[in-house]
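For reference, the structures are reproduced in the following blocks.
Shared between the two complexes below is chain A, which pairs with chain B and chain C, respectively.
For the complex of A and B:
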């Protein structure tokens, strides 16, 4: 095959992989801090997309301009979801926790279908549109902007966790909740923060995707599934691991789609996932406990 | 300074502590001694707010803190260095120390506390970039005490500071505790090593099956024949 096409495919895999990484980081933060798997994570992404869409459709505001607003909206939503549902099941059996986040998924998805119809929506002619040709390779500008935005957002989360006082409190709570309380760190605020942060990651990814991806109530499903794969590969609660794993998944998906056929894209990613689970259950970058 | 008034604690309805009353005065080292499973750790956890009381009251510095949440107690000056150390194992020594000062805002004072901790335990300064979980047992205990001191507490509670560390270091740790106390900090100590604990304590309480069975000055307890028989092997 043509080397240029391979390079083109590889690079577009990296671009989408960076967005996957951001979605996964959100999932990973929530799991890392409180060991709850958020099945409604894709719905946070979906709501981010709709927020972007409606602000565009109703007020003609560009997705890039409304990104900070959506970030805040989703952060608030994540914190509220914690306050009114998750807080009650923090110490509940895992099965109850799964039911609650699964229920939230159905609630958000059903709500979107009910209020916004199951139609496909798109953001037309946003600031970021069109293509750019670099050395004979074609790239969608929305894809490039989305990837750059995802890198900046992922970097910001890494910086927050590793370089700020509150981020240290988040890590402390993740490692030993009781010991963190002994330092004066209120667990419930930290949990709310983790949910806010997790939802905001997915929401920002949703906005970045909204300029080139169709928007519909079930759009979160595939992204959530891929985020699970990325988190499992990168190791739970590991931001840099998620970044590399996101890129790997993006590249495998696109290359597999190219060689075997686009209809098998997800199957190929899930095969990779199964292979890693069998060989390295702690994840590619995770360390065995 | 601290007064436990007839406290009782139960786990899932099973009583662990019955009607315990203990007082700690400013500047003292008070030792809680007794065998395993007699309620010493439960008592310290209750003071830190990690265990709730079935009955009784806890008064600290004239304020009733019985119902106060655990994370609000460090700001009052209550600090527990818990059993098993409970460091943040994947964070560096330095980050563990900074988390100890979480409730404090004055960066100048926090830096002073850090210097003080490094002065007490120079090895921590040397290892400040090391991940806490990779330290030796003795170094981890030093870090746990150091992290506690970073809160600039008025009352420092230590639960089994000699747990899992080399005998040579036990002496060093207990000496340091005495040194910290001499600088004016009040200490409530739970220790398996009954002899050493009572030697440095101004007063002691003996707990047995969740009750205070004996109390008195450290010296008196050391001379008590029952204690000698039960704990000192004399």
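For the complex of A and C:
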């Protein structure tokens, strides 16, 4: 294996890894604030992709142009999902919580199949298409844009949580719900905010992916498993951790797939994940409890 | 009044039962054939196409079709059975093997069909044909491609379509042919197949045949279906310097792989795809001109109508009635009923054993078929040995038949141009 291929696989891995990170950040925010694992997270991503597709197909609007709209739509959807389902099970046993988010996953997937048929769809000839060749290295422009978009979005979430009053309220609720409530922070509003934020992250990732990935009702499953690994690897509820873990997972998947064999690429990622969990159960950047 | 009605129904019953009492030579006998297809559920639209094709075939046999030179297409039913008419009884298996078996049993026991047709899905064909085997009723399968179906060595099972193993054989016959006639000889073959049963089985046969026929496989990748990225796979393909890629993928992966080839600049001399995702209309629509030059195996193509007047005539008839052209599925169903009707006619009887024997003696030449086959002739396992697939190439966004050469409509474009030279 020569240096060129090494560099190519490494950089390709980083590009897709940044998108994994953004999907995982959404999952992480929800878990970090309320300790609920959202199995329907991949479906938020799927809905983001469809939103991008339909705005493109019906109104000929480019995915990049409709990104803010999809972001708002998914934020609203996330908050609504919290208001009408999750709110009722905040204090329920973990098993009920799992069943509810799992049920949501099936509902969204079935709904997409019912309304939009199980066909595969793609956004054709978007503003971002084609590829660039630099010194014999090939990069798809949609991948570069998606990676940049993911970095900006992840950065924005980090800034929001660490540098704003509302973010501080989110963090406070995450640390101690009762204490935060005594300080006058309405926890139900904060939870709704976390769900909105989480869904919006997945939605934005969906829009970025829609420029090069086929869109179909079950597309979320592909990314959801990886997002879980990234979140656990980076440390639950940790945005910076998710970013690094996303990059690691992307690089390990592409590089390992190339070296050891593509049939094992997911197995390699999961092995690494198990190894890290055994040594550092809280994840790479998580706080030890 | 009451009396009259009773009389009338007794009369009707006598009419219906008449043929049974007076033997098979009676005029206007009806031949009941059970057809089990997915008429509801995810494959309902495909099921409807096949049902239409079967109904057209039955109509041609019963009422004739002007100017179509096909045995039994003169109309008036089956001559050797006193011009008995074909009556199709449809059953819906919903894509469920359990339902398929139950429906097969019902058709045999209650409807007293003389033979069964179906079922499109290999797994449903498998269970439904077990019922036919148990009751000793001939089962003709026009469309299922799992090689295992005829490996069961059933006595009552016959299949007209080529199966998956034969399709892979076709790949190598194609390579031999283009080597001999066009001097195109791929030296380094790479395999990229998905990791479900279909892809894994295909890989095994491809490897085995390459070994036997002296082709050099330089890379073998069984990739996880529905991957989020195919970069490592494509990097491996690039590093292998393969000049021919053989690929089996369903639609989503097929689209993603083509996009990744373009992005990473992977352009072998040819991509030889194993139907499925690559034959989907969506594949061409989505990729536009990037889908050009891909070769794929197929069972039927519309441009065959320009090669064989019979195919055009029958396709026109079908298109006129159902506002769409034949495709690989409907053309095979249509052919299935003709093969079955031909056997029943030669049997001259509706006795199961007579039909089975006639089926096993079937010998229909290719010119009487609307398929690109050399004919229909069954071996001891019930498999048609004269069926073959065709190789089509996407040229200017349309499928063109490029092999076998005797029915090709366009010349093959090989090697395909590099991505930046299109």
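Here is the rule we go by: the second predicted complex is superposed on the first by the 288 of 289 C-alpha atoms of A that agree within 3 Å, B and C clash if a C-alpha of one lies under 4 Å from a C-alpha of the other, contacts with A are read in each partner's own complex, and residues count from 1 in each chain.
As a convention for this text, a contact is a pair of C-beta atoms (placed from the backbone, for glycine too) under 8 Å apart; a residue touches a chain by one contact, two chains touch by 3 or more.
The structure presented is a predicted model; accordingly, all values stated were derived computationally and were not measured.
Per the definitions stated earlier, placing chain B and chain C onto a shared chain A by superposition produces no clash, and the two fit side by side.
In the superposition on chain A, A:271 contacts neither chain B nor chain C.
When the two complexes are overlaid on their common chain A, residue A:96 makes contact with neither chain B nor chain C.
Contacts of A:181 after superposition on the shared chain: chain B is touched, whereas chain C is not. Shared-chain residue A:9: touches chain C; no touch with chain B. When both complexes are overlaid on chain A, the residue A:164 reaches neither chain B nor chain C.
Counting the residues of chain A touched by each of chain B and chain C gives the higher count for C. Using the contact criterion defined above for the overlaid structures, shared-chain residue A:258 touches chain C, although it does not reach chain B. Judged by the touch definition given at the top, the superposed model places A:221 against chain C, while chain B stays out of reach. Rounded in steps of 10, the angle chain B-chain A-chain C defined by Cα centres in the superposition reads 150°. With chain A used as the common frame, the shortest Cα distance separating chain B from chain C works out to 36 Å.
Only residues 165, 168-169, 171-172, 175-176, 178-187 of chain A touch chain B when the two sit together in their complex.
Considering their complex, residues 1, 5, 8-9, 12-13, 16, 20, 118-122, 124-125, 131, 133, 138-140, 143, 212-214, 216, 218-219, 221-223, 226, 253-258, 261-263, 265-266 of chain A touch chain C. The part of chain C that touches chain A in the complex is made up of residues 42, 195, 221-224, 226-233, 235-236, 238-239, 251-252, 255-256, 259-260, 262-265, 280, 282, 286, 288.
Only residues 48-50, 69-75, 79-80, 82, 86-91, 95, 98-100, 102-103, 147, 151 of chain B touch chain A when the two sit together in their complex.
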